[in-house]
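The letters A, B and C name the chains in turn, as written, and every chain counts its residues from 1.
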Amino acid sequence: MARQLSGLAGTLYEGIKDAPIVSPHGHCDPAWFATNAAFANPAELLVIPDHYVFRMLYSQGVPLTDLGIGVAPERRDPRRIFQILADHWHLFLGTPSATWMTYVLEETIGSDTPLGPETANDLYDQIAEWVGNPANTPRALFDRFDIEVLATTDGALDPLDDHATIQQSDWAGRVVPTFRPDAVLDPHMQGWADAVMRLGRLTQQDTQTFPGYVEALRTRRAFFKAMGATATDHAIEMPNLCWLDAPGAVFDQLMAGDMTHAAAFHGHMLVEMAQMSIEDGLVMQLHAGSRRNTNHAIKDAFGRDMGADIPVPTDWVRGLEPLLNRVGNNPDLTLILFTLDETTYARELAPMAGHWPCLRIGPPWWFHDSAAGIARYFDQVVETAGYWNLAGFNDDTRAFLSIPARHDLWRRSVSLHLAEQVDRGYFSKSSAEMLAGLLATDLARNTYKLG
Amino acid sequence: MARQLSGLAGTLYEGIKDAPIVSPHGHCDPAWFATNAAFANPAELLVIPDHYVFRMLYSQGVPLTDLGIGVAPERRDPRRIFQILADHWHLFLGTPSATWMTYVLEETIGSDTPLGPETANDLYDQIAEWVGNPANTPRALFDRFDIEVLATTDGALDPLDDHATIQQSDWAGRVVPTFRPDAVLDPHMQGWADAVMRLGRLTQQDTQTFPGYVEALRTRRAFFKAMGATATDHAIEMPNLCWLDAPGAVFDQLMAGDMTHAAAFHGHMLVEMAQMSIEDGLVMQLHAGSRRNTNHAIKDAFGRDMGADIPVPTDWVRGLEPLLNRVGNNPDLTLILFTLDETTYARELAPMAGHWPCLRIGPPWWFHDSAAGIARYFDQVVETAGYWNLAGFNDDTRAFLSIPARHDLWRRSVSLHLAEQVDRGYFSKSSAEMLAGLLATDLARNTYKLG
Amino acid sequence: MARQLSGLAGTLYEGIKDAPIVSPHGHCDPAWFATNAAFANPAELLVIPDHYVFRMLYSQGVPLTDLGIGVAPERRDPRRIFQILADHWHLFLGTPSATWMTYVLEETIGSDTPLGPETANDLYDQIAEWVGNPANTPRALFDRFDIEVLATTDGALDPLDDHATIQQSDWAGRVVPTFRPDAVLDPHMQGWADAVMRLGRLTQQDTQTFPGYVEALRTRRAFFKAMGATATDHAIEMPNLCWLDAPGAVFDQLMAGDMTHAAAFHGHMLVEMAQMSIEDGLVMQLHAGSRRNTNHAIKDAFGRDMGADIPVPTDWVRGLEPLLNRVGNNPDLTLILFTLDETTYARELAPMAGHWPCLRIGPPWWFHDSAAGIARYFDQVVETAGYWNLAGFNDDTRAFLSIPARHDLWRRSVSLHLAEQVDRGYFSKSSAEMLAGLLATDLARNTYKLG
């Protein structure tokens, strides 16, 4: 279904469409590659884990339980769930979900049956058969997708057993962890104090004291790095960083249950993380601006990440000043910023990345990882930040099958953008060819030190 | 003057340009259709009521009184007013006002005389003659415009006598009221307490008490519904909704003149309105983000709605949470959001409408109801919200003659957008044809329950 | 390298590309034209003064000192600095700096050697030779560039000796000053109280009292006006203007070192400036929304204006109300607003300029003075503000050689925009031709009273 790119855009696309996939940030489950078990069925593969899909269905009146969400796997009816998707497939017209799904069905699964109410049953059978084929296990797909490296995202307390299993296996696929310590850094996270204590046991540090806590984090980072990690990742609703004069006293209060300075402490710890990144070389990622769990009833009934996280305005300039003025001139730091507030592209992120040596602008994220979203991104960041202050592409997905589809959408968008730039007289065709390769793989590889 | 659409855009436009007009929200005066009196003259028809026109002229030094504003009708010189418009017509180059006016003159009035300083006198005569022709009375025009339904906007205390007259007449045109209770919901509105007392007399409820006040509102909604209303409409500068624990106590304070909690009370009452919408099925509209009457001298001399209402940043996410967490998961509620802050399209409204079952995104409003404004709207909302979470089109005008012009501009913009989507490979031509009809009429009809 | 414009855009461009340059706001040094000394060398001409260039290089790890910044001129190695620029020239792909630099090298200097690592040495020699040629002195270039008028920006205490020298010379070039009194209006500026005292000595007013201070400012404005100024210019981070009841008491506090009300005083003084503009006819410019010196280490080591000024969200509506409600309806005032927050184009500035008689929207500024930035500007302001509420173009540069390049980029962008408007059916080709001339020169000339 995707457009046939013509002219220079087509030429540029031809040059990068088959490049290997570098996936430096995402949410695939390492267990898939550790166990290499076949995916369960079409609904578990394409509907239930995809929050883009179920949020749209929910917005048009489909109860989440009808989609198997909040339902024990053994009580789900995958064929019925797939039928519901098909019955509502028109809702996705014009969305990237339609582009990704179509790519998956046509290119990855190889079906020429269009998705729709009448074809759902037949298509379900085709996908089920495909899923059951040993040629389509996670590892086989990883290899066939030509994934050069895939980073997962893993809690600070995760033992990384699946990663160990992968590394000790005879399979050559490169799957690396990413250190995501939100649960031990953000005192507002449920069970924070317990997590801090577990962190202590895991690292044999006394995390009842601030120095022990900091040392435990340093230890954990070293473990992740030893397991192949090249990056950390951090989520925060508002990036209001700060540097506390007496973080230890605040830590003690928090451990005693006094949450007064919880937000400031979280902001402080992100600066500590940046300092550790200078020490250990882990690239730091900051994802900010999502107001989580705005639908309380859904949160209570189904838990987190159920489609009710909504972006809010984000003040990167004032919010990052404490970090930047502490470590931002240090060329050993790489800090990648991800925003959901597109107004900050031209106003804040491009000017900041075009000045601070440590900063890179992450690719369009979440709701903006789409053809028009990518076009707005290039339109608004390149003139001030250039291309080398960008971080390349992330697929940032937990929908494994959509990875090639997402990289393909990015590569098409890159090709269209660069062809337009050449048409505008900004640079030559040979520069565009060089930039296409840069944006398709090299920037991600280099920014994340995955070369 | 409008562009000849070619290719697929032209084909799509041909398919919808003659569809009936569904006008679910606007500010036409029902008295026009009750009395069916001819419009007075070209200035009263095309200049004096059009705040888009007089604000631009004022910005370039034309005193409002020169345009008859703040001048008793009998002391106005309509020919002179029309000449002033013509003398400054170049100011409107590039604005939707030029597109609308040109459409009205060419298509509706049927003149081929271009508007300009030299032609004003002649054109004035042509329009005056046209206005005086019995074929051009309000009802005749309503029928000729092929208006399927037209919603007016009416204060909660309005007796709806004109609507009754229309319904009791032998004319078949469908004109329905809309319940707009700002004057009795917002304690900051001048004369609020008096209006509340009049509300009591009108409904035979004791509106000196909060329960009586609420019941009176319920009664009024039922009356509007009986008179054909399918929707309510609410304006608020900042959508800071809330749910008060003791709204009755706050109501008592307010009635006693203590305005301390006026804003919170207004926010609370909008949640009450949403709850009543679930009961009675009236669709709820919320227009937010306009800072009213920023020019105090103009307000003092000429009153409200004189061109000095200016948009401000709007926080939909936090502002609506109290309403949404109370009633937002109820599929019986339809809440249409209108913004003047385009930064919220992609960041807030599309993600919200793509999750909450009750939400629909209203069409581009006021300053954004223009070709580029509509293009930005589609670019920024569709990828996340799809098409079915939109509310179709509103003309939202008090300039009756401009209604076909405004729908035509929307339909052209829809056709251009959909053709571009097909060109991008997002969906097929047949999907585009289906979506064209959806956007031209069906979405408005269905969202507003006007089918 | 710039695109060959075709079709109507090409025709429109042909009609304005050779129009004289009207430069009503910028930062050229009047000493260049007073002394008419040759520029020093390629690095001093093209690298060291250009903050667009050195900020990008710094962002990619080039120390500022390597570029001669913070280094005494006699210790700089200009050939080495130029080589560094050339070695990193790829970083500028897609930025307006590349467009400007290429224009300067090709069109102004007349070299056909592309900039790059291998060619830097040769190109350096070519530019050095060109710089040393008496045909390329500042005055000769000014004439060859066909600059009709060039405004500089000058502190309130500046004796304007260079301007006097120019005026008394036999050279006919028109260089006018602009009154920029930030240092004496903003108590947060370092050395404010001293500057106020110097202002007193310069004007023979007692600036230890508020009335004397105000009179001194009035006197200084008159001096600037007598020296040819037609405008004032003001920078403020947040445009939070206000009107104090007792500004004299606040002034006394500030002079005594109590900074409590410093921001309010600055806001008040800008309203005083607007009032004086009504008296003396000087056009008022307001540049707001830049957070200055966000990189403290760079500020401490190298001073101000070193690339770490970053835009922040700007609230024009509430911020300007005190000024507008005091003097905004007075047609004798012209107030030009410059924003770095593009979200305010459609939401705030266009609606405001489309109402208030005093307001004009300044052209895209700083990070937005680029092809895509200009396209976004027209897209977002014209439909509501029209063209006559704009202020034409500013090059706003301290890089003298880039002036023709910047006006050329603007004129190309204007031509592309207008051709697209004609293609959309908004207005005729002859209207577009008229508007091209308006935007290229007439609007700037008229808005700034430079006719």
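Here is the rule we use: contacts are C-beta pairs under 8 Å (C-beta built on N, C-alpha and C of every residue); 3 or more make two chains touch, one makes a residue touch a chain.
Everything numeric in this text was worked out from a predicted model, so none of it was measured.
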item	value
Topology of the chain contact graph, where touching chains are joined (line, ring, star, complete, other)	complete
Copies subunit C and subunit A - interface residue numbers shared by over half, same or different	different
Gap in Å, rounded to a whole number, between the CA centres of subunit C and subunit A	41
Per-residue overlap in subunit B, given as positions that touch at least 2 other chains	313, 343
Complex contact set, residues of subunit A against subunit C	313, 315, 317-318, 321, 324-325, 328-329, 331, 343, 346-348, 350-357, 359, 379-380, 382-389, 421, 423-428, 431, 435
In the complex, subunit A residues that touch subunit B	1-4, 55-56, 58-61, 90-96, 98-99, 291, 294-298, 307-308, 310-313, 340-343, 367-368, 370-373, 376
